[in-house]
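Two complexes come next, and they have one chain in common, subunit A, joined by subunit B in the first and subunit C in the second.
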Partner chain A sequence: MNLPAGREPESESRPAPAPEPAPMQASRTSAAARLTSALGARLRSWEGFLAALLLCIIVMNALTSPSFLSVENQINLFALSIEKVIVVLIMTFVILNAEIDLSVASMMGLSACALGWLVQHGVPMPAALVACLLIGMLGGAFNGFWITVVRLPSLVVTLAMLIGFRGLARVLVEDRSIKAFPEWFEALGQQPLVGPFPLSLILFFALLVLAVIVLRYSGFGRQVYVIGINLEVARYSGIDVARVKMLLFTTSGFLSALAGVLFAARLGTVRGDMGLGFELDIITIVLLGGVSIFGGAGSVYGVILSILIVLYLRNGMSLSNITGHLQTGVIGIILILSAMIPNVRGFLARVARPGLFR
Partner chain B sequence: MKLKQLMTLSVVAAVLGAGSAHAEVMAEKGKEANLVLMPKFIGILVFDQAHDGAREAHEELANPGTLEFIGPTPENSVAGQIEIVTTATTQGQDGIMISNNSGDQIAPAARAAREKGLAVVTWDSQIPSAEGEQVFVAQVDFDQTGVVMADMALSILGEAGGDFAILSATPDAANQNSWIAAMKTALEEDKYSALNLVDVVYGDDQSEKSYNQALALIDKYPNMKLIMAPTSVGIVAAAKALQDEDLCGQIKVSGLGLPAEMVSYTMNGCAPEFALWSFVDLGYLTYYVTYLIATGQIEGVEGETFSAGRMGSYTIHKDPTREQGLRVLMGPFSVYDKDNVEAAAR
Partner chain C sequence: MRLRAETRREGVLLLLIVLVLFGFSLVIENYLGARLFNRVSASVAILAILAIGQTLVVLTRNIDLSVGSIVGFTAYFVGQQLSLDNDIHPLVAVLMAVGLGAALGACNGVLVAWCRVPAIIVTLGTLALYRTILVEYSDAQTILTVNLPQWLIDLPRLNVVSYERLHLRAVVAVMLAVAVLFQLLLRYSSFGRRLYAIGSSPEAAHSAGFPTRRLVFAAFVLCGALAGLTGFLFLARFGNITVVAGLGLELKSVAAVVVGGINIFGGSGSVLGAVLGASLIDLLENSLIRSLQVSEFLRDALLGILILAAVAIDSVFMKRRRDP
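What follows is the complex of A and B.
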C-alpha cells in the first residue's frame, strides 16, 4: 500500500487559513463597543457567566482532544450520566418550589434492584417495568404525603427516605448483583435506537423540552415559582399549594424510578449500591445552574448550561487522561467559585452602597 | 530453552488432548500499541506495584506507544471504571487492562471496547461472566488460594481450631469472592473440621471502614480467634484494630497482605502468617499478554503459548473457575512469617 511517488501526505498540503477581510475601521469600533457593552450586560447575568464558562471548556476540550467533538463521544458523555441529568430536570422544579428531595438516588437504586428482583423471580419484563415505575410514583407520593398533609420539612422526610429506599434496595439484592434481564432490554440501554441516539437520550431531550415548556409557558410553572417566592402569598392568591407539591414529589419519585430502570438497562446488572451519592451531584448541578436554594429564583436555561458544563468538564479531563482525584478536585473548585461569585458580588454591592459606612 | 519449549508444548498437547497446540510466540519488540492500565482504584500500593511491572515490560518491549495508568477514586469506583473504559474506546486506544471492581456492570462497556478493536485483558479481578473480556491474567490459582488460606488458619489456630471470620473487600469483588468460595470448599475437608467460619463482612477496601468492620467483628463474636482478610487493605486495618485494642494475644490476623505493610504486625505476633504473590510480576505479565494481542502477535484464544520476557513461557487455558472465559495463570504463592517477612519487606 505505498503512496504514488511524489505525492505529499494530505496533512502537509492543507491550505493556510484565509486572511480576514479588511474591515471598515470606524463602524467596527462602534460595533465592537456595542458588542462589549451588550456582552457585559449578558455576562452580568448568571446564565451569561455560565455560557462564557461553557464556551471556554468547549474550546479547551476541542483543542486538547481530537475525539472530543466526535458524535460518538458527545453521545457517550451524555449516556454515562444520563440517569443523573434526567433527575436534575425534576430537581430544578422541586428546588424552585423551595423544597428538596434527597431520596432521588435511593429511589433510583430501589427501582433498579426491584426490577432485577422481579425478573429473577419470574415476573415478565413488561409487568416488572410497570411495577417499578409504580413503586417510584408511590414512593414519591409517600414523600408528598408527609410534606403536604403532615407538613414536615421535605429535608427531614426525604432524608429519612434516602435511608429507607436504599435499605429496601439492599434487602432485595443483598450483597450480590443480579444479571437476569432479557437481551432486548439490555440492547435498549446499550444500543442506539434512532440514528446514533440511545433511548435514554431521546427520553432526556423530550423531558427537557417538556420541562422548558411547563416551567416557562404554563400556569403550573408560574405556580411553582410563586410558591417558591412566598408560600403565604401563594396560598392567599388561591393556589392549591398542597396539590402542586404533591404533584412535584410524585413526579420526582416517578422520574427517579425511570432513571433507575434506564440505569439497569445500561449496565445490564443491578446491585444495591447503584446511584449511591448521586443526589449530591444532582443538587449541585441545579444550584450551579443558578437556582436559589431558597426557592423562587433561577431558570431552566441556567440548569441546562450547568449540565453541559459539568459533563463537558468531566469528559474533557477524562480524554486528557486526568485521573480520578484531580477530576474531583477541579470540579470541586469550579463549584466553590461559582457558589461564591454571586454572593461576593452581592456583598461588594452592599459594601459599595453610598452611605453605608458613614 | 529448546527443551523447555518442547516440554511446554507437550504439556499443552496433553492438556488439550489433541495435537492442535500452537507454537510458542516470541514477542516482536518495537510495535506500537497505546495501552491503558486500570486498577480497581488509585492510591493502593499493590496497584502501583503492578504499574511498575507494566512499565518495566513497556520499556523492555520498546513500545513507541503510550502506557497510561488511570483509575477511579474509591468512592466512585464502579461508575469511574465504566467511564474510563468508555473514554479509552473513544480515544481509540489499542488495549485496556482492567482490574475489575464492577462485577458484570462493566461488561457492556468492555464489549463496546472490543467491538471497536481494543484488546481487553483483565488482571487481578476478572469479569464474572467473561463478557467483553478476552483473557484474564490470574495471579494464582483461585482454588489454591482457598487452600492456602485454610492452611494458614489451621497453622495459626492449631489442632484445637476455633471460630474465625472473613473481612473481605467489596461484596462484588470477583477475585475475593472466588477465593472465599474456594476457602469454604477447602474447609469441608476433615483436616479443617475444627475451623468454624462465623461470618463474612466487607470493608470495601477502605482503611477506615475495614478497621470499623474488624472492631464490629470483635464485639459481635467474643469467641472469635482469627480474622482472615483476603485483601491487602483489610489485613492491615484488622491488624491495626487488634493492636489498638491490645487484643493480639487472643485474636490473630491472617490473609493476603504486602510484606512492607505487614512486617511490624508479623514481628509483634498480631499477624503471624500471611501470603501474597508479586504484583510487579502480575503487571509485567499482564502487559505482555495485552501487547501481544494488541499488536496482533497472538489472538487471545485457547491453547496459544507465548514467552513473557523474564517470566518465561505461559499458555492460555480455559478458566476452570468460570463457566466461560480464558485465563493465563501466573502463580505461585509466597507465605510470609517472622522468618522471611523482614527480607521481603525491604
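What follows is the complex of A and C.
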C-alpha cells in the first residue's frame, strides 16, 4: 500500500514552540500545547502507549470479573483466537515488507476443507495433514509468483485469491459440513497436551519466539525491514528482493494452512465458510501494534501487546455479556483512534489555530 | 495512430468481454440473447455504481473498504423507513439513501483528510463500525418485501426503453447517467483533474496549492453518496434486507476497479474502465452460474483466477509493471 500521510509512531518529532501570538489566541494555543506536550511525552513510544492501554484493560477486566485472571480463562481466551494470532505473526512480516496478504483467511478455510475432504475420501490422517500444509505453501507460492515475477501489486493478487481460495474451499465441501476426523485429532485440538496448554498454544509460542529471533536478530529480518523502508536501497545493496518476498508469501500460505488445520481440529468439523472475514481482524491487530501500513516501521513487541489488547478486550466484553458484533465495532473504533493518536497533537494545534477550513 | 493509454486499456477490456461472451456462447446453448443482456445489465448496475465511487477514492491514492457496510446500512435504513411509512415520496427515499451514504462517507473523509489516518486503516475500522451500528440498530429484525411500497417492488422491472425483448431497465439507465456524469467530471472538470493530480503525487498537488484535504474529503463523500445510491438499488432489487446485506461488496468493488485498470496506487484510470471492470466481473459470475459444466461452487475459484488473468493481461498491455 502506498497511501499519503504516513504514520510514524516512533519518530513523532516535536517542532519548536511557536512564537507567542495575540493574547486571546495565546491562551487557547498554550492550553492545547500544554495538553498535547504532556500527551506526547507519554506517547513517545508506541509500545509504551499500548502497554498502558493493556494495563487499563487488565485492571478493568479483573475488577468486573474475578475469573478473568484465572489460568483457565487465560488459556481459553488464547485458544479461542489462536488461529488468528498465528497468522498475525507472519502478517507482521508481510506488512513490514510493505506488502499485504488478504488471502490468509481463505487459505485457512481451504486447508481446513481440504483436510476434511481428504479424510472423508479415505486418505490416512498424517498424509492428509502433510497435503494440507503443502497446499498452503503452493497457494502462498502462487501469490508470490504473481507478485514477484509478473509484478502485480500484492493487494490485487491476494484480493483475487481471497475469492479464489474461498471458492476452492467451497468446491471441496459445497454447502455441507464434514465431520470425519479421528478422535485423537479432535482431542489434539481441544484438550491440553502439556500441563494445561493445548498443542495450538504451544505451537503459537514457539512460532512467536521464532518470529522475534528472525525479525530482530537475523539477517533475513533486517532484509525484511530494509525492503519495507526503501525498495531501491534494498536492491542496490544486493538484497534478493524477489526471494525475500517469495519466501514471505510462501510462509504466509504455509502458516495460514497450519492455522486452518488447527481450526479444524478445534471445531472437529469443517465448513466452506470457515474463517470468513478473519483477514480484517488479523490486519487490525498488526496495524494496532504500530506496524506502519507503508512498511519498514514497527516492532514485533508492539504486535504482541496488540494481540493481548484485542484478546483481553474481546474476552472482557464477553465476560460482561457484550455480543460479538459490538466487540468488532469497539475494535474498529480502537483501530481508528490508535492510528489517530500520533496525529492528535498536530490536529489539536490545527484546531486551536483559527482558519481550519482556509 | 497512437491511442491514449486509457483508451487502449478500455479497448483491451472490451475485447476481453467479447472473448468471454464468445467463449461462453460455445459452451452454453441460447447464451447470447435478450435474457442475458437484461439480467446481466441489471446486476452490473449495482456493482458499477459502487465501483465508480470506489474509483474516485482510489484515484486519490486512497481506498474505501467500508462501502459494503454503507450499502447494507442505507439499504436497511431506507427499507425500514419505507416499511413504516409507505407514502414516502420515491425522490425523498432516494435522497435519504444518498444523504445517509454521503454522511457516512464524510466520516471516513474527515478521518483521512484531517486526522491524517491512512485510508486503509480508517475504512477497515468503519467497515466494522458501520456494520456494528446496523446490527445494534436493527435489533435482529429483517426488512421484508411485503411491507415495502409497490413502486419500489416494481422498480427493478421498470423499463426506460424496450426493443422487442431487449429492455433497458431504469436501474441501468441510472447507472449509465452516473457513469457519464462522472466520466465527464473526471475528464474535463478541474475537480476531476485535481483528483488525478493528488493520486499521481500528493506532495506536488499540495505544492501546486490544491486544497488536497478538501479534495480527498470530497472524494470520500461522493464515494459514500454513490454507495448510498447503491444501497437504495440493492433494496429495490432484493427486497428482503438482513443485517448482512452488502457484506463483501467492498472487495468486489475493489476487484472491479482493479480489473477496470484503475491504478491501485492512484493517479490513473477512468470511470468507463470501472464500469467495464464491473461488467466483466458480473458477466463472468452470471455466465459461470449458467454454464452447466461449472458447479456453482467452482465459480468463485475461477473468478479469482480470471480477475488475476485480467489484471495481468492489462499490466502486460500497459507495460505498467510495478517494481518488485
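Methods note: the second predicted complex is superposed on the first by the 298 of 358 C-alpha atoms of A that agree within 3 Å, B and C clash if a C-alpha of one lies under 4 Å from a C-alpha of the other, contacts with A are read in each partner's own complex, and residues count from 1 in each chain.
The definition used in the following text is that contacts are C-beta pairs under 8 Å (C-beta built on N, C-alpha and C of every residue); 3 or more make two chains touch, one makes a residue touch a chain.
Bear in mind the structure is a predicted one, so any value in this text is a computation, not a measurement.
Partners subunit B and subunit C, once the complexes are superposed on subunit A, run into each other and clash.
Look at A:Met137: by the touch rule set out above, it reaches neither subunit B nor subunit C.
Legend: residue contacts after superposition of the two complexes on their common chain; A:Leu168 is shown touching subunit C, with no touch to subunit B.
In the superposition on chain A, contact is made by A:Asn76 with subunit B only, not with subunit C. Touch criterion not met for A:Ile202: it reaches neither subunit B nor subunit C. Comparing subunit C and subunit B on the residues of subunit A they touch gives the larger count to C.
Of the two partner chains placed by the overlay, only subunit C lies in contact with A:Leu287; subunit B stays clear of it. In the superposition on chain A, A:Thr148 makes contact with subunit C only, not with subunit B. In the superposed model, A:His325 lies in contact with both subunit B and subunit C.
Of the two partner chains placed around the shared chain by superposition, subunit C is the only one that A:Val157 touches, whereas subunit B remains out of contact.
In the superposition on chain A, A:Leu231 makes contact with subunit C only, not with subunit B. Shared contact residues of subunit A with subunit B and subunit C: 175, 325, 328. If you check the complex, the residues on subunit C that touch subunit A are 61-63, 111-112, 114-122, 124-129, 131-133, 135-136, 198, 202, 214, 251, 254-255, 258, 264-266, 295, 297-305, 307-308, 311-312, 315, 321-324. Those residues of subunit A that touch subunit B in the complex are listed here as 65, 67, 70, 72-73, 76, 80, 175-177, 179, 186, 189-190, 266-269, 271, 273, 277, 314-315, 318-319, 321, 323-325, 328.
Every residue of subunit B that touches subunit A in the complex is listed here, in rising order: 41-43, 68-73, 75-76, 78-80, 82-84, 86-87, 90-92, 103-105, 107-108, 112, 129, 171-172, 202. Interface of subunit A with subunit C (complex): residues 1-7, 102, 146-148, 150-153, 155-157, 159-168, 170-171, 174-175, 231-232, 241-242, 245, 272, 280, 283-284, 287, 293-294, 325-326, 328-333, 335-336, 339-340, 343, 346-347, 350, 357.
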